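Just so it is clear, A, B, C, D and E label the chains in written order, and each chain counts residues from 1 on its own.
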Amino acid sequence: MAAHAGGLSTTAAAVVVRDLVRSYGTGAGVLDGLDLEIAAGEFVAILGRSGSGKSTLLRALAGLDHDVRGSGRVEVPRNVSVVFQDSRLLPWARVLDNVVLGHEAPPARAREAGRAALAEVGLAGRERAWPNELSGGEQQRVSLARSLARSPELLLADEPFGALDALTRLRMHDLLRDLLRRHHPSVLMVTHDVDEAIVLADRVVVLDAGRIALERRTPARDGSRPTADPGPHRTLRAELLEALGPDTDPARKDTL
Amino acid sequence: DDGTGGLAPDAALPTEVPAGTTLAIGDPTTQKAFELAGDAIDTDFDFEIEWANVSGGPQTVEAFNAGVLDIGAVAEIPAVHAAWTGLDVQIYASQYREDWQEHPVYELASAPGVELDDLADLRGRRIAFSPGQAQGALVLKVLREAGLDQDDVELVELPSTGDVYPTALAAGEIDVAPVGGTALLRYLDSYGPDGATSLRHGLRDDPGHLYGPTAVVRDPAKAAALRQYVAAWAQARVWIYEHPEIWKEKYYVEDQGLTEEDAQYLVDTAARPEIPADLTEGIARTQDTVDLLAAELDRPELVAADLFDERFGPVAGEAAEQAWGAR
Amino acid sequence: MGCAVTAVVQAGRVTAPGRATAHQAVDVRPRVRRLGLRKPVPLAAGSGVVLLLAVWTAGSATGLIDPRVLSAPWTVVTTGVDLAVDGRLVENLAVSLGRAAQGLAWGVLAGVTLALLSGLSRLGEALLDGPIQVKRAVPNLALLPLLILWFGIGEEMKVVTIALGVFIPIYIHTHNGLRSIDKRYVELAETLRLDRRRFVTRVVLPGALPGFLLGLRFAVTGSLLALVVVEQVNGTAGIGYMMELARTYGQTEVIVVGLVVYGVLGYTADQAVRLLQRRALTWRRTLED
Amino acid sequence: MGCAVTAVVQAGRVTAPGRATAHQAVDVRPRVRRLGLRKPVPLAAGSGVVLLLAVWTAGSATGLIDPRVLSAPWTVVTTGVDLAVDGRLVENLAVSLGRAAQGLAWGVLAGVTLALLSGLSRLGEALLDGPIQVKRAVPNLALLPLLILWFGIGEEMKVVTIALGVFIPIYIHTHNGLRSIDKRYVELAETLRLDRRRFVTRVVLPGALPGFLLGLRFAVTGSLLALVVVEQVNGTAGIGYMMELARTYGQTEVIVVGLVVYGVLGYTADQAVRLLQRRALTWRRTLED
Amino acid sequence: MAAHAGGLSTTAAAVVVRDLVRSYGTGAGVLDGLDLEIAAGEFVAILGRSGSGKSTLLRALAGLDHDVRGSGRVEVPRNVSVVFQDSRLLPWARVLDNVVLGHEAPPARAREAGRAALAEVGLAGRERAWPNELSGGEQQRVSLARSLARSPELLLADEPFGALDALTRLRMHDLLRDLLRRHHPSVLMVTHDVDEAIVLADRVVVLDAGRIALERRTPARDGSRPTADPGPHRTLRAELLEALGPDTDPARKDTL
């Protein structure tokens, strides 16, 4: 351990992952010596093929893999909030109760905050619905509202917009930026949308073969990220797609 | 063996009941008789009674063991079994039936179609047998009387609870079973037309005892209270016999919920109680039962006299005598 | 309104008969093989019981059922009315229901508490679960002497005995229910940093509720059935006492009245719990819906 | 190997103590409040039972437990050994277990069949469920005369009585289990156009399996407990008969041997079913994992 | 009913939806007089905001809404296959058993087909895994394999590629095209990806306010769909996005 320990304690990173190894059952390691640091307030997006271990990494950071074999060093802030890949609402609790579950504020204030968060994700009036009376995208938005109503130091989001249409997704981007502005959490977000990664994150990493295969800062930008110069955006996009799937036909990438 | 340091087994019974003495008694019929008789029975006791609706062998033994009962009213067998269990008990008073031949507790009911004219007909029959109960002991006595061995018949172990015996008879699963009371009446009513009969066995099945843990009578206070209770108990026996109409209406019909006919049958077949002042004869008969059971059921020998506290005999006997006289 | 439209089923195309209410209200849906259940027909639920009664009545009327074995329904009714009129039935029932309710309350409390203790910690499980399983395996009849020893022969012993019978299904079902809660919700609770109390009230209890309610169905009938046993000991009233008395006097028709009362009580109580089940579990979408 | 690393917990940062096995094998994970259960400690499961035995032994040794009410463990052991040596215990046990197994088999068969019939169709439910609930509510003791009448007092009646007791929990749990199957899987089955047979074998039975297995836990102990009742009737062998005989003769120590045998049997059977439960339900990820 | 009945019986459409009304509980209708026809062998993509009723429509076509209030006329072929929005694998059946569930072929052949389908979606070797040992995207691919292993007349797919990364998604597109070539089913696919809709479908419809708000044929193309002229593609894309969310900032659409 001596090799890393010294360095770890002095870094200002909010998240430090060193030499992370995780494997399920007897198979090959899903994560195989992964290193990652996230600075306080930094927004990192992860790309990676289906099954490459993105959720496994997030679960390791959230401390949810007690029983998974592996080694490595993981340091995270105390106050972590997770948006799961499935929306993971308690089926027996109504929408608002799901949103305020475990909220630190006193009940009345928490419910107020929850109601506001629900309104923000476009679900005002659905507070008393049961989760399974919602459409897929609505469930995902409730799960998002649950995270937005809190102020974590680290937000781990596993494809938080996967079930949303393009325009609802844009609105959710705004909400996320809002949260960033207010509380400056570090963010690690899994997404399958390369453009989304570029638009939202400060840094994009590609997970492959159990390690970070590529790591790129996104073009420097001011508050209004979307108006970035399309030039560097294009190049980065191509590079990321290349890293994701070296064997695919480049002609197709354009149409995506 | 009175390590309690209390009243010696042969000491005279004390008559003074200290204040605050209580007896926990499981004797529902006496309780009811006291209630109905009013002043006719001297129930002006110097002690408190805690009534419990507990009767029969297993229940009273369990209650004795738990220390929640001082006296119980049972038939012949429980005291013997209690002794075999290791529970030290004493019988304080006994009642028999003066006209026991005409008023047996049980008769031998036969399944429809089974000819049963005398005890010899039992040979080869399937007979219901409940080892720990009075009915079980009776079956053994009957077999001995008939000169039969356990191997000459087929003893079918069946609990005598509820209507199991009549049902098993009706179903033809057994040939003979000791049945008594309203159950017999109903069985014969129902299945008599199909050929069900009953046979009187001609043996004594009439004993009834008041008994309790020996420790109770070693306590002078309780012994004195017991003395008063035994006297009243004897009077109650007589009173019940002499007031069949009240007993029928207030006890059988109102309290126990019997129909008029059933109650009438019970009153009609009620025997005249015999409450001896001298228990010697009863002890001898008990010894006989003990010997039989010990041999047939492979239990240790027991001296029946050790089970009886003969000091109470005269108390009960005299009280009964007075009650008869007061008529 | 009411102008029925016949089914239009063409080769390779599935439609279903609909009911045209007006120009707009055609309702033609694909006809698919339904594997789930249809909506229940109101009152149909009772038809099995009604059939049972009918068979009993018919059997008794035609003499196929020997009245000496099973009293005829009318005998039972008249006996029941008699018992009701002279007040004994109602009085006994009231005493018994009071006892059963008390035992039920204590048993449910104990069962849930123990299930939580043993279900949510390995220590609790190690200490509690074994003895409870042993208790469950041991015949109640054999425990009676011990219970008399500890609790006497009065009301206390009766309530304790009922509670001891009741707590077993509650414990097992609640324990099993909470142990079956989806791991994903536990993970959610962990990331939301719920404290134990909230974890129990928001996740464990509602998650174990279906199991608990099933246990309650057993507990309710169990509490009633236990009356038969406990009221044999020093009973002076109660439905169990009434039946025991009838048994000693061989009053078949009173026993059958007791059985009918038991059937009615048990069936009603069970239906009540199932209603509660449906109410409390509206959030579920199951084969039944 | 074995060089322990102490926890590094800095302000605002969570790590946990790890164990360095070598340069590469550091394992430092975030320390989160665990709400789920840890891995079970092997053998710890028995500690509650061991404690129970210890209390019994201590109570008997100090005389706090009256041997007339509850025999001392050593008395039970010697009596048990005596009974085992003269062959009575083993013989009785063999007879009883055979009976219980037969009753169990029939009861399970009947319970599952009826649960499917009543669980998967409204007609079946209407006809079957009511009478079964009524049967469940009626005291078994009261049924004994009827059973004697129909099935005699021989082996048949005993097996039938056990089966009648067993089928109730199997029925209720399987019924409840299959009715609780997530609607989504029923819809899937409908769109895959599964026929009834496949729907039952691929969706309903595996989906109801957790419920069924819980029912089996009750059924197994139930079949053993029923022996006490049935073997009183025309019994000549069997553990229930042995205990009944001991009761009538007041042989407390034999009764307690019986109770211990019951405890051991019931506990073992229950553990076996729970093992089966774990094996059969590996696909689940629950609070327990 | 007379208004529509005559027309219906004469059309060659595989799917006919007329005047479809559906509403949950007491709320306003989710579908409110929707009309849709799909020709045999036609591929229709539906776009629509989250909660607009896309899944409700699919469920109506699949005949899964017995208990939902509503009216209208729905005619579909007998042989319908559904890819649900959630991947909906039986948790108690192993992956291969899930894939072959209800397959018409004899067991051995069905398993062969299932194994092949699994290999096609990149899950060879995972036949004996339990569904909840799979990553989100892997589950979705199993569900896809289940549909690919059959030959439906109508395929209803509810966001079948939502949890897949860009490149796995492209591979799945190929598989879908393959299925189309072999069995010529009609397809109704929900997607949130406008480009995906344009690239795959013959026709794109936008669902809004309970009806089809916009309906466009995609640019005519030969077998190699992706190489379509980007010109009409762009215009169509802008038009569809406009229909989806009239209130959104057009600047952002470009970055998506």
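The working rule: contacts are C-beta pairs under 8 Å (C-beta built on N, C-alpha and C of every residue); 3 or more make two chains touch, one makes a residue touch a chain.
From a predicted model like this one, the values you see are computed outputs, not experimental measurements.
A.B. asks: Kindly list the shared contact partners of chain B and chain E, in label order.
C.D. replies: Of all the chains present, those in contact with both chain B and chain E are C, D.
A.B. asks: If you apply the touch rule, which chains end up adjacent to both chain A and chain B?
C.D. replies: Common contact partners of chain A and chain B, which must touch each of the two, are C, D.
A.B. asks: Which of the two pairs, B-D or A-C, is linked by more C-beta contacts?
C.D. replies: So, comparing the two chain pairs, more contacts are at B-D.
A.B. asks: Starting from the Cα centroid of chain A, hunt down the chain whose centroid lies farthest away.
C.D. replies: Farthest from chain A by mean C-alpha position: B.
A.B. asks: Taking each chain's centre as the mean position of its Cα atoms, how many Å separate chain D from chain E?
C.D. replies: 47
A.B. asks: Between chain A and chain D, tell me the centre distance in angstrom, where each centre is the average of that chain's C-alpha atoms.
C.D. replies: The separation of the two C-alpha centroids amounts to 45 Å.
A.B. asks: Of all the residues in chain C, which ones touch at least 2 other chains?
C.D. replies: As it turns out, chain C has residues touching two or more other chains at 32, 34, 36, 69, 145, 149, 184, 187, 189-191, 193-194, 203, 255, 284-285, 289.
A.B. asks: Residue numbers in chain A touching 2 or more other chains?
C.D. replies: Touching at least two other chains: 62-64, 80, 86.
A.B. asks: If a residue has to touch 2 or more other chains to count, which residues of chain B qualify?
C.D. replies: Expected reply: 65-66, 162-163, 167, 170.
A.B. asks: Who touches whom among the chains?
C.D. replies: Listed in label order, the chain pairs in contact are A-C, A-D, A-E, B-C, B-D, C-D, C-E, D-E.
A.B. asks: Which residues of chain C touch chain D once you look at their complex with the stated criterion?
C.D. replies: 32-38, 40-41, 44-49, 51-52, 69-70, 120-122, 125-131, 133-134, 136-142, 145-146, 149, 169, 172-173, 176, 178-184, 186-187, 189-191, 193-194, 196, 199, 203-204, 210, 214, 217-218, 221, 224-225, 228, 243, 255, 258-259, 262-263, 265-267, 269-271, 284-289
A.B. asks: List the residues on chain A that touch chain E in their complex, please.
C.D. replies: 24, 47-51, 54-55, 85-86, 122, 133-138, 140-141, 158-159, 162-170, 192-196, 199, 226-228, 230, 233, 241, 244-245, 248-249, 251-256
A.B. asks: Which bits of chain C are touching chain A when the two form their complex?
C.D. replies: Answer in residue numbers: 184-185, 187-194, 198, 202-203, 206-207, 209, 281-285.
A.B. asks: Where on chain B does chain D make contact in their complex?
C.D. replies: My answer: residues 58, 61, 65-66, 81-82, 84-87, 130-133, 136, 156-159, 162-164, 167-168, 170-171, 173-174, 297, 299.
A.B. asks: Please name which positions on chain B make contact with chain C in the complex.
C.D. replies: Listed in rising order, the residues of chain B that touch chain C are 26, 52-54, 59, 62-63, 65-69, 161-163, 166-167, 170, 181-183, 185-187, 190-191, 256-259, 262.
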